[in-house]
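Working notes, beginning with the structure itself.
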């Protein structure tokens, strides 16, 4: 027979709940929720370097699309491999969220896109070439205490895309050709596109098109809307994998509303000051190897389900940049 | 809160008010205007709830009357609650892009919302019929009602408060969840403002806040309006049951 | 049932030293224009069962709950053993007062043993002592030891009520407060529980305040009955026999109901009445002798005795001359009563019997008979017979 | 029409799942962390509110009304409303999630305590329990089935809502769904697996809590018809 006397019911009642709470808290502790799961924090002691001066953690950030996150991972892992302490605040959002973060020091490092940074970030004129663009950007960032590093050869610019069928039917090959279509066109871009000179405003003001704008945040949803015939034109990135498909056509930007969009790492000046030229040299070395083909490859691998940190790590190893 | 932040919050409140009181926003002809977005929102929500009712109510009435599928009725609402609305909306969009049957803008969202509304409507209807006093039903049979008459004239009227309470819960849930559709399509009604404003960072915050206020208001109004509909639709004798059923069931409606 | 060191029934204290004394006890609930209990004075003697009885709204339950301060009095005072109850914290006071309520209120999440152990645990007894006490109480209320580890939902209503009493007795409180404890059990079980309570009381000698709305239960259980009227007015406070014999006023009379006389009979035992020998003859007597006995008694039948045993009876018309009475076939007395049977029971036996008589036996031995006039005579006499009714057969034998 | 998207990858690629066990575990853990924090904090707040509501009955209706309004506000709107106050981060996500637990939990705690039979309370008082001990030893254990039922509903609801927090950069399995959707062309396996895992997680937690309830209330299972 069971003993009729057992432990006090309250204790019995509360113990499992308390245990559950502790368990979950423990889970939270070692799986730091601040961190995007895509990004595995590398062990700072991994690198062999012993001559890294003491300095602040370098918080690496990215925009909320895979390519940006992969690029951030590339730089982050390269720095980690060299022994720098790196933190991550990836997938943060649009430029409207990242630039203030950079200015007030919440984040330290961001792989930027040259033209958009100037035009959208600071409302400047689109740059004529990469070098002048970089100088202009440095001047714009100066007040925020941010240093602009050497741009990479890789370019990923806004791409105005329609279906080949639509282009053929309407005899369209350039953005300007769209002006001939009766009743104007419907165009889908991400929400922030609506107020950007490099995007909707470029179409309306630069090309004088009659555009009905549809705000669709995600590129896949825009592509779906295009293919379903809901819209005539969408915004994608020039390195997006589906652009290779013959059923899609990127329209030519004859007016140059899309500025040169080289990848350009920007970093808080105080971080550069703390770690010195070695850090800049390392980052420049990485940038130099980033070409547009590499970006396309990144996006392709991403669409195959690979995680950003893995894509970045594989590439760095291939290039012999980490080891 | 520091003085600077205090000022920022006041600034934001002012900007939001400006946003909301801009006459252009209330232009009935503008597709970006509040009237259009509200109608778009309600269009999606009402389509979804009507579809859910058409699918779930007759089936639940039939099964409950026949005393069939009890295990299904009790578990379906729990399973329904476990399905993440965001995942389901994306999944329906994904399936739509692959089949090409229903377009990608309106119907995938409506169907996903319908799927979310089915469990509470089904379970409430089923339970409502099952909880009709067995003696009443027995008496009706004893007086010579046919099975169809028992269902239509006895069970349905007596169960109506709980059935309507279930639909009300589902409707509020659908109205709330429609906003998430703004991530996947150019629809999503008032959710559009939140998503678009969010993408614009600090500059978009008044839009986000205004959108959130409009959304919350619409949802609460939808809830209140449904309460009125209930009062009008219900037979006198069971009206009081409606309040009780509503309070008892107001769970699982967050979207 | 083991013998325990039961307190003596009367106790050592004099009746002028009541266990519980209510003085000017008043309860006025908010929003009611008249008090539920109005300046009630009442003494509950040590070791007695006092039953509070009255119609609903008479404040009997309110009065009971003011004793253990579940309800706080508006004014007035309750003394227990001479000490005002307001002098100590309510929870400490309550641990000294056993409490049994109609719905029992067993804790559904605790085993029977844990339920019984409630107050000892609150009082901080050690484990072994609690264990021993629990086992003892289970036995005392006639529950199997196996029930100790069950939960209340696994017990019948009657069993639960007995657990409720055991739980109230756990820390051996001198006072037991019982609020309509048997109101929710069916009549058959109720009778058994009442008998058990009387038996426990005989052994333990607690001071018990018992609330009921059932006058029969009050008469059966009470040493004294307090009849309360609406608003907590005490209409009469006396032993049951006195109340039945001399109702203080019309209210009491109407509350006792038309069957008052019969209720009075239920307070007296057959042993209290004078038995007659009745028309009985020994088996070896002649038919003629039997006929003359019957004639003398004024009946047309005769009982046949086999030594001390009453074999049965026969009609005088069936007696055959020249044969002994014992040679005739006899019919059985279908209903027989004993000393402990109430007179009301005896009356029932008389009216249902073909011979219009109650045959009194003690086991197999014939003791005598009661005719309806013998019973009727008791109606007008005072009856202090409760103690006799309750007495064990050994005691009543002296009188027989 | 067969477009670029229509000929995309299969809905479920098991080899991807096999290769990404670590990622899935990490996201699941993050999902649980958010759920645990939200339900835990929600429970603490709800207990406090319930004590207030039980002590001062008049406050019950306003408390439930407030909870009801919070519950009705769309999650997306709530994130947006809290954003200026809390900024982007865990605090925002968890605070928003907590608000959805209040109505469910307060209602069930109050209903659970109210459901304790009056006679049991009276018996406890009559035995000499003091209020605090009576609450802990009698009322809370007896209310446990209803409270745990509330915890189950709250947990399942929150697990579903955590996916939405992905939209503000936090969000366990929701982040996976979003990543699969954000990739061009989309990666269906992430969407399917993220959704399914969230469902599995909800059902698992629900069953676990059911088990906890069973273990805590042995008296509720052993019933024999008296």
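Labels for the chains are A, B, C and D, by order of writing; each one numbers its residues from 1.
One rule holds for everything that comes next: contacts are C-beta pairs under 8 Å (C-beta built on N, C-alpha and C of every residue); 3 or more make two chains touch, one makes a residue touch a chain.
Fair warning: this is a prediction, and the values are worked out from it, not measured in the lab.
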Argmin over chains of |mean CA - global mean CA| returns D
Could you work out which chain's C-alpha centre is the most distant one from the centre of chain A?
-> C
Here the gap between chain C and chain D, centre to centre from mean Cα coordinates and rounded to Å, is 58
List the centre-to-centre spacing of chain A and chain B in whole Å, with centres computed as mean CA coordinates.
-> 36
Distance between chain centroids, defined by C-alpha means - chain A, chain D (Å) | 33
Mean-CA-position distance for chain C and chain B (Å) = 65
Set of chain C residues in contact with two or more other chains = 109-110
Would you mind listing the residues of chain D that make contact with two or more other chains?
-> 1, 3, 5-6, 141, 181, 186
So which stretches of chain B touch two or more other chains?
-> 93, 97, 100, 182-184, 195, 197-198
What residues of chain B sit close enough to touch chain D in their complex?
-> 8-9, 12, 78-79, 81-88, 90-91, 93-94, 97-100, 172, 175-177, 179-180, 182-184, 191, 194-195, 197-198, 205, 208-209, 211-213, 215-216, 219-220, 223, 250-255
Residue ranges of chain B in contact with chain A within the complex | 31, 93, 96-97, 100, 103-105, 182-186, 192, 195-204
Taking the complex as given, what residues does chain A use to touch chain B?
-> 93-97, 99-100, 188, 190-192, 194-195, 212, 214-218, 220-221, 224-225, 227-228, 230
Going by the contact rule at the top, pick out the chain D residues touching chain B in the complex.
-> 1-3, 5-6, 8, 11, 68-69, 71-81, 83-85, 100, 103-104, 107, 153, 156-157, 159-164, 166-167, 173-174, 177-178, 180-181, 186, 188, 191-192, 194-195, 198-199, 202-203, 206
Contacts from chain A onto chain D in the complex sit at residues 8-10, 12-13, 16-17, 20-21, 23-25, 27-28, 31, 33-34, 36-38, 64-66, 91-93, 97, 218-221, 223-224, 227-228, 236, 240-242, 245, 247-248, 299, 302-305, 307
